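Think of it as A, B, C, D, E and F in the order they're written, each chain with its own count starting at 1.
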């Protein structure tokens, strides 16, 4: 791969993530899209299309929800597709690279999401002074940081080559990997804790436990079922309140 | 089969349905009962008994509920039994006729239940004038119409013979059959919609959704479980209301 | 076995049950504990340990709850271990004795729990007179009765020998055994009935049915899940009541 | 206020006629005509004034649907309420309608699961096996057994319903009756929700293909919101009726839409 | 009003005696005698007047049943309430009984699932495998481990119950206490419902035959209303007690009916 | 009071900027910066007084997290509330915050299951199979299709939210608004409970041995209280925040504790 190809591929990978942040999850980082684009860059659209579509089916369920960080499908499939085309190992080769890389690379997204907490704190300061340009700056800085969190690892990995990357990944002890994974599974709790802190009053807190217990003990409900039941319940609640007020 | 036998069998089939309407579902149209009766008419009680009992087990679950129209077991088993006896093909032959005929013949009950909406509208007019004899007339007319909806198809089918009936059924395109079935599965929604329209007020409507969601998401409850929970809930509701009133 | 060994084993068996009553279920009657102790008495700790541990796994789920009477693991494992050691049949022999004996011997606990109702009635009389020493007497008498309910059967069974016991058990007609079992499965209903009688008022009774229906129709909840939901609910209830009072 | 009018004989007659509740059954108002026919002699006896009669005739021609073996209590309670209305008590027409519409659902639920779902299949199953092993009177046993229960339950229901309502309205003050009427309506709504989710079986046979596997759309729907289609159908009908369309109109719409959707393979 | 009477020593003694809660266990009032025995020294210290004493003795001989390792908080709370009653505060007898009957259910539920259902089997299972691999002190480990928890939880429970009730009654106004008492009763009822449905295992072995297959009646029942038999049994006992029959009577009836039904193969 | 200030153009601009809601996403306040950025032009137009502006900037820098395709209604409603506040109506700051925090949960739930859980996988799956059978424009179809829906839903959401809030606040009296705000908070709490139980996947790989079989601790936990670990984590974070620790602090604690527990094999 020429360095310009490497640079373009890495840039595009970073860009898809940048657009996820700045244009509301346009889904450009899905393997189905990224695969053929990488293929185009490397001059083999067909292989890119095929590898991308196959990886799409593999990563079907990977989706960030509530701030969670799933497998990094973008980096995984950019690397996988590029290597499949340049090494000629095709789908097999792509899979062997993409899946483990996606798992490890989720660390970079976690890193960006952790680090951007600082831009929020700086924004607080600008808000205090009424400096909206400063706030905007923090928004863009944060997004660029997210861009870099995808761009740099992809660039390095493509530059160093898949053998190097595999060796590196093998060199990381299993303990450390499982530590990182545990952090990834715990961090979304921060979001729920904050949400709770926002909403809860002593008086209404039990509703949180009721929603939790129903979802935990009757998994068939899912979030939709609970939202449905919840809406019916609060409608009754509001109508009753209104009646009482009117009578009073 | 002599025409008189044909006529008697068809008449009895219609009659069982007439009595379902007029005497409160006496279950005379079940194959277990209709089979041996047809057997008696054709002079072969034993075969009728055997075929009827076997068909009973086949049609175990067929039951009209909430205005739904299941397989027409009466027409199916009358025809099945008659053909089993006269053609000597026994149980096998009965089954081959009864099951498809029962499916198709459900259309006639649907037709009767659709058509009788007119007698209700006429009854409205009589009620307006205080003419209770007119209302009664509509009741009887409706029941006779239901009778005919079973009597005529059975008569024609027995008269034309099973070969003719099978040919006719095969001639109906699958599309049309599935259209009719879809209508049959949708029509009971009319009943629930009407019921809802009767009961609902803005204030209490959410209870409908709660009942629906519990039954939909936790099928183990069934209607009995929901009625049980519902009764416990409204008892609490009424006691609370009474307390509030007494205090006020 | 010497009579003194028989006596000591029976006494220990009775004692473990006495301590269950008087010292709050110390779990000394578990096979895991009783097995090696019996082994020690008979001079073969190893076999006792092995047999006890194996029986522990067999009787894993046996636990009195809400006044129910499960298999009598204490008598079962005392007898089983003793016979395994003295007859040299080892684990096999122990199992063959322990399991059926434990089932039959549950009758004695049932007997003690039935009989001790009388000591409560006598205690009522003493309370009436303010005689707290009399009440204490009834407590101890009841506990000694429970002791005897384990001590005597074990003594007799060890004295008469396993052949005799097996013959006796086989001589009891199956009907009578299933009658006794039915009594055992019904008697805990007395506890729940009494509890209900204590707690219920016309106004709150529906809550019992709600708790019952949820547990019956959604077994995944279990008692913990229901207690959890219940606590959340009554917290809401109390907060609402307090608000109303404060406003009033 | 006047004296009681209805005699034991009137109630027996009511029981007999109540068995015709399924008469002229139709998709629009289901058992409305059947229920009306049961009330006619009673209305004629209670109301002498033509206007009251006409009002009563019209009152009982509204939508009704319950289980033919367990609807007795509704007949009995309505009889008691009409009687008290006739002798001058202040019983608003809405209360009578509330009792009918609130109880028909739960009673249908009980009857459907107890009799259609359990007793009838069990009795038929047992008698069918008897018949298959050569017992010629098994069909007769079946008919006699289930109908003994049928008519027994219905008779007891009519009488118990009348007596209960009689004592209930005697004892209760009007605000108490109101609370219980509300409770009945709520119960009715909960049970109708349960009934619709349980008995309405509208499903789609559509499938779509992802990768190699072809997935049923219905399975996907069941994962997010089981019984979504029955709910949409019920709400659709309800909305159309709310908007003032006639049931006739709704019925025709259902038939046409259903047929087309079934024909093109969507339902 | 007087000063606090109970000392740390009294509470320690209460903890020691509270472990005898299962004493003279019987089907009629279960742990009533055991609970009473725990309260005796406390009652003797608090009440000097014979009438007050007798009332207290009788008060604590009522039905009681909880988990022997988690019932501590009830002892502690009752101790605090009795103390305040003794020094002249207005604590109605019903409130003391309410605390007992409302908390015994939930605490039993927690203890039964946490200790009987989880901790004990796990600890016993692990120690049994240790023993099977030749470790001779595994039984001792088991006994020491579970009883360390047992006595630790119970001690903590008695003390925490006393302190909580003390502070609670200090801070709350009487209408607040009433609201929480009501909440406790409701919780008790919900949990008793859950307990009865979970732990009462009354089933029927009857079967019937339809066609060739023989069907278990219990399976049919489970389809319509799982745990119907346990519910009927509980309500039966409850109804009999409500009607004023003694528990003795109820117990004998259960024994006779149960034996007969088991004998003829219905249960 | 003043006249309406916001024009159609302002709302269109709001819609365009609302798509950046995920900007500078971070574990501390998630989409707070993104939401703020969307509001800036609006705030600048509505408030001329520096103090009001600063208050508004700070108001919208609080914790926010919803679904990027279904959060439109929140933008719209907040815009309407801010406008009314700017022209002098009495709209307490708390009400604006309540609307945001109460609606973000349910809307996220709907968006997550409808779009992330259903539409996107289905569309991607179908297009992937098309691509595998050689169709080169399948990826384009996918992108165009999902984003047509994405931007369509978001546009409609912003506009509908604005109009709804406008009419709602016009018609409702203040006590009615209060009741609905309370209802929104309750709904928010119920849904957050459901979200946490569904999406938080904290499990332990620990096992223990009883007899021969080795049992997963997680399976035992699931039997007593499924999702106990996620609940404890959420409550832990919540407790720490309640106690006044900063989110920064909480985030670092989670990272350290999580890493250690994962490292030693407890999580």
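By our rule, contacts are C-beta pairs under 8 Å (C-beta built on N, C-alpha and C of every residue); 3 or more make two chains touch, one makes a residue touch a chain.
Since we're looking at a predicted model, the values are computed, not measured.
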Contacts common to chain B and chain E (chain labels): C, D
Residue numbers at the chain A-chain B interface: does the shared fraction exceed half, giving same, or fall under half, giving different? different
So which pair out of A-F, A-D or B-D basically repeats B-E, with more than half the contacts the same? A-D
Which integer distance in Å separates the CA centroid of chain B from that of chain C? 55
Distance-wise, how many Å sit between the C-alpha centres of chain E and chain F, to the nearest whole number? 45
Distance from chain F to chain B - Cα centre to Cα centre, in angstrom: 50
Residues in chain D with touches to at least two other chains are numbered 113-114, 117, 121, 125, 128-129, 132, 210-211, 224-226
For chain B, residues that touch 2 or more chains besides their own: 57, 60, 205, 207, 209-210, 213-214, 217-218, 220-222, 224-225, 228-229, 231, 233, 235
State which pairs of chains touch, listing all of them. A-B, A-C, A-D, A-F, B-C, B-D, B-E, C-E, C-F, D-E, D-F, E-F
Can you name the residues of chain C that touch chain A in the complex? 218, 220-221, 225, 228-229, 231-233, 235-236, 239, 243
Quick check: in the complex, which residue numbers of chain D touch chain E? 113-114, 117-118, 121-122, 125-126, 128-129, 132
Complex interface listing, chain F residues touching chain C: 210-211, 223-226
For chain C, which residues are in contact with chain B within the complex? 202-203, 205-207, 209-210, 213-214, 217-218
Under the touch definition given earlier, write down the residues of chain F that touch chain A in their complex. 18-30, 32-34, 36-37, 40, 43-44, 50, 53-54, 57-58, 61-63, 65, 68-69, 97, 101-102, 104-106, 108-110, 112-114, 116-117, 120-121, 124-125, 127-129, 131-132, 136, 138-139, 142-143, 146-147, 150, 154, 175-176, 179-180, 182-203, 225-227, 230-231, 233-238, 240-242, 247-248, 250-251, 254-255, 257-265, 267
